[in-house]
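Each of the next two complexes has chain A plus one other chain: chain B in the first, chain C in the second.
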Partner chain A sequence: MGIGFDASFVFIQLLNGLTNAMFIFLIASGLSIIFGVLRILNFAHGSLYMLGAYMTHQCVSFFINSPGRFWLAVLIAPLTVALLGGVIERTLLRRLYRHEELIQLLFTYALVLILSDFARFLWGVDQLSVSRPPILKGAVEIFGQYFPKYNIFIILLGPCIAFFFWLLMLRTRWGRMIRAAALDRETLGALGVNVDRLFTVVFIIGSWLAALGGALVAPVTTIRPGMDVEIIINAFIVVVIGGMGSFWGTFWGAMIVGPVYAMGILVFPRLSIIFIYVIMILILITRPWGLLGRPLER
Partner chain B sequence: MSREDWVFIAIIVIIAVIPLTGSRFYIFLFTDIMIFGLFAVSLNLLIGYTGLVSFGHAAYFGIGCYTCALLIKKASLPFGIAFAATGVFGAASALLIGFFCVRLTKIYFAMLTLAFSQIVWAIVFKWNALTGGDTGIYGIDFPKFIDSKIRYFYFTLAIVTVSLFILRKIVSSPFGRILATIRDNPERTEFIGINVKLFQLIAFIISGFFSAIAGGLFAVFNHSVFPDFAHWPVSAEVLIMTLLGGMYSFFGPMVGAGVLLYLRLESTSYTEYWPFILGTILCIILFFAPGGIVGFIQDRIARWGSSK
Partner chain C sequence: MMKKLLIFLILVVGIFTFTQPGLTAEKSITVGFPMYLSGGGAVFGKPSAEGAKMLVKEVNDAGGVLGRKIELLVRDCKGSPEEATRVATEMISKDNIDFLVGGLTSSQGLALSEVSKQEEILYIAPISKVATMTEPPRFHKYVFRAACNSKTEGRSAAVLTAKKPWKRIATIGPDYSYGHSVTGAFVPMLKKLKPEVEIVHQAWPKLGESDYMPFINVVMASKPEAVFSTLWGGHFITFAKQASPLGFFEKYGFVSAGEAGCLEAIKGAGEDMPAAIISNAYDTFYYPDTAWHRDWVARSKAFTGETYPSSWLGTGYDAMKFLVEAIKKAGTTDTDDVIKALEGLTIDSSVGKLTMRAKDHQAARGQYWGTLTKVPEYPFLILKPVEYISAEELME
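Up next is the complex of A and B:
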């Protein structure tokens, strides 16, 4: 590839970057909210995303005769994964809170290993796919280039979910508690809030977001073993850039990483991935708490 | 000599007679264990002794692998020079990377080490002309003077013994005491006039040096190197070895490497679900014996002693 791209091609690539940004945002926002409240870096987040995609495939196959099967699957699959997340938090993770960070980190990595084999056991090693819902099949023409309708839907849906979540965080009692817990969970506990239950709820919400990402990505990717560890580092990068625990930080982190990666591939195909790590390093060196985060106490 | 020294000598003697059994399986397994044991012990210099959780140690292991492989295959240098260079390159890259990392603490430190190691991996993975990219580098032969599996076993034993001896001297020296003080309370250590960042950086460089030595040993042992050796799951695996054996004892990580590698080799002949087994073992250790296998045994001995 040389220098002269035509503008419409670049624009389509930008849209591709934005589509990816929305998927990463969904996953990373769950990671970020869990880190913000529980102070745990959840390696298993990619696994929950993968399970979301597999469950979506499972649901679509199960409702094979109903017309809205994709939407039913998007509704049901993330809920099942969120339930699993809740069970993991209640029965296992809970018992490690008093231990060091390293112990918690390695526990979430143990989950990665266990869940990856769990998925391999249930669904095998073949690549699975989910077809796009009929209404979003096909492509639209943009400046003479074709762009899938489904991707446009994702680009529009991402900000809607972000906005909706932001409203929930701002207006509801749970939202206020989550924000308070991110700032100072000891004081919140002293004020009589059931922090134990809050942790469970946050882990369930985070798992749901990861699985929703997995459900929505299912029609545009192949569902296969290994998609868990492929996504998790990208989610870490986004969370670090935006600020661990910061909701909008995660959104803008994803909005930087997605397009930079997509555009980088056009200009320097080999260096694109390195760009992203360099951004992450520069942020950590100059502003470890991220673009929109705040410094951790302690 | 302390009791631990005697255990050290006893273990070396036991390992040294393994090739006499003539079992190719055990020669292979124990060469592997010694190499990864050295890697895990040098990581534990940071984790257990300095309190810094590096999540990017695959970088130094990978740099060791590729330094050795490239100097032998591409630069046609003799093995001795290539092998010596692994330590130098490992230490130099640890200096460069550690300089930035030690400025951060806790989770930020872990994230920055991860980011740097991913850059190392990405360079190795993408720079096809130099590293062969995804296909890696093949055909790294044993050097002339150690031209057999048994000889390489003894070469590894010698290098690992000397390395562990030096590392043990380091952790029990006044320098090592200061590292432990930093681990227990960095703020107070700063107050008594110690340059905490400098000591952390020196520990980081020493750790990078020996991790790269382990990488260099592994490149020749494996006869080939791949980008995967520098990828983050390797960092996770060596962390698991460290924790499995016990991060509060010097030889713990060595034991962890031994147990993990032995179980992996044995289990793969029975089942394809090794990750599940490893995850389960890891959970059991985390929940019931956070001090690892060695910590658990020491605990039992102490209880047995006090109940007598």
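Up next is the complex of A and C:
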């Protein structure tokens, strides 16, 4: 369409892609951890993300007179959703591990419907909005272009969270157990580890990550019914590209999908979305277990 | 034994039949109203359904029409055309509805129009705007539209845009029928009114896109003087929240179709709503200051119990009013007679006198357009100055 691309616009586009990548990473990583350990494809993961966003709005409204209300909300909202995740795992999901995958899938899909009605009941159908925290309002100048401060914060925060989790997985007992469970949960159980409790913890962590994504995305989007289903497709694509159950795979999957999509918009505006699907199809053909995943036995 | 049971059954059935209100008197006229009541569009679907209920209450309180009560069946059809078709077909076969009114998105309007053609039932679209619904080859005698259509919406935006000094225009709109048909009406009309205008870029994010930043960057790279948008509802709010830190709305003129100026969008965006953009709304409770509009606002306040009545209440109200007035005029509920009565019918609607054109079953409906402005009277932005841009000279 006859736009001369300055290098600065291309760079900004890359940053846009990276911001998006960090959001998808947060959501997809929870999905991936849960799949890795529980072997459940959790369709309702997007619902936890949506609840995280709604809870953030709730907290921000509750602490309306406090200057740090957004940060308080980011702290509290994901924790409440994580708690809900724990309850769901304990009371409902637990009964499904012995059943075949189709039943599990149907169940998590039912959860999507129930949680979306739950959100509608509590918060109605209005579009809700959360403002950026004062310190991150506005934009900074980068090579003569403007880029929102909040997005820079997200780009920096994403790798920090990834690194922190990687350390947790590597250095702590729980981390080692989670990695072991992803490899072989039967043996882990035989070794005397309480696998039931481990599953609950993993589901809580996954829910927390989803809700954290929802909390952080709240200032740049509209909180509304339907955002649960919109995000889940992207998260699935990233998990498929990165490798089901692989933590770093999810990170790099998001790092590919985000910028590729953004650059696609710059180069072929009408076809941008196709690139991502092409990548996914190529991965599925050549490496069905994803970039950093392992081929499933059985 | 068998005989006793039979008598008992007849008694039970009899009691239920004769104690049911409405069945003893003349049977009520049933109207099916499938509407987007859960999911992203529900924020508009709900007030539209409320508007329909308001009209039904007014009519029934005044004794009904042709001595019969109106019975309104409001059902949730979510956001998809498939669901709209399913709900409508079910209401036709199970509830024996006499007329069909409803649907929100453009694709739902097209789907319900198809149902009405197959089932030979009269259908009035209160909200769906896509112009092709009332144009050949899709047009048929059972479909009517009380809403303004995408062509008049795009063209009225072009009329406003042409008055401004802008020459380089970019467009951004959701990549589906509504976005394309409004933008497709806007661009040629603008070029006709002002041939020196150049369309520098057209961005088409998918419907429901959550990340507009890459699109915003490309629009900015095309160096426009103004941007025309067809992002509606929550999509617009998301876009606005992402664009405003970049000074987007200060740098470029902005004309937004898709009712970014409606109360729901303005309230939803809160302090993130950009001021000084030009946009439209179905209704504005603060304008016009005339006797009939004051009366409409007072009645809608009383019915909904809300201080600031929704901009979408009138959509359901007007569609139902067209139906009721047509039945009254026809003196019967026979579909063909009501269709004839509807053609060319003028009603007192939420926007004043409104006529249903006979030739394409499209109401000659315009919209309120204005500039979003902060005023001391309200805790949110309003359209000011605002005017009703009539559709009549913009329609073929």
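As a working rule, the second predicted complex is superposed on the first by the 297 of 298 C-alpha atoms of A that agree within 3 Å, B and C clash if a C-alpha of one lies under 4 Å from a C-alpha of the other, contacts with A are read in each partner's own complex, and residues count from 1 in each chain.
As a convention for this text, a contact is a pair of C-beta atoms (placed from the backbone, for glycine too) under 8 Å apart; a residue touches a chain by one contact, two chains touch by 3 or more.
Fair warning: this is a prediction, and the values are worked out from it, not measured in the lab.
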Broader residue contact with chain A after superposition on the shared chain, chain B or chain C: C
Chain B versus chain C as contact partner of A:138, first or second or both or neither: second
Contacts of A:92 with chain B and chain C, given as first, second, both or neither: first
Partner chain in contact with A:278 - chain B first, chain C second, else both or neither: first
Partner chain in contact with A:222 - chain B first, chain C second, else both or neither: second
Which of chain B and chain C A:111 touches, first, second, both or neither: first
Contacts of A:270 with chain B and chain C, given as first, second, both or neither: both
Those residues of chain A which chain B touches in one complex and chain C touches in the other: 116-117, 120, 270, 273
Contact footprint of chain A on chain C as seen in their complex: 37-40, 42-43, 45-46, 79, 200-204, 206, 208, 210-211, 213-215, 217-218, 220-222, 233-235, 237-238, 241-242, 245-247, 264-265, 267-272
Residues of chain B that touch chain A when the two form their complex: 47, 53, 55, 100, 103-104, 106-108, 110-112, 114-116, 118-119, 122-123, 126-127, 232-233, 236, 239-240, 243, 273, 275-276, 278-280, 282-283, 286-287, 290
Residue ranges of chain A in contact with chain C within the complex: 1-3, 5-6, 9, 12-13, 16-17, 19-20, 23, 116-117, 120, 125-129, 131-132, 137-139, 145-151, 217, 219-222, 224-227, 230-231, 261-262, 265-266, 269-270, 272-273
Residue ranges of chain A touching chain B (in the complex, touch as defined): 41, 43, 92, 95-96, 99, 101-103, 105-107, 109-114, 116-118, 120-121, 229, 233, 236-237, 240, 244, 270-271, 273-274, 277-278, 280-281, 284-285, 288
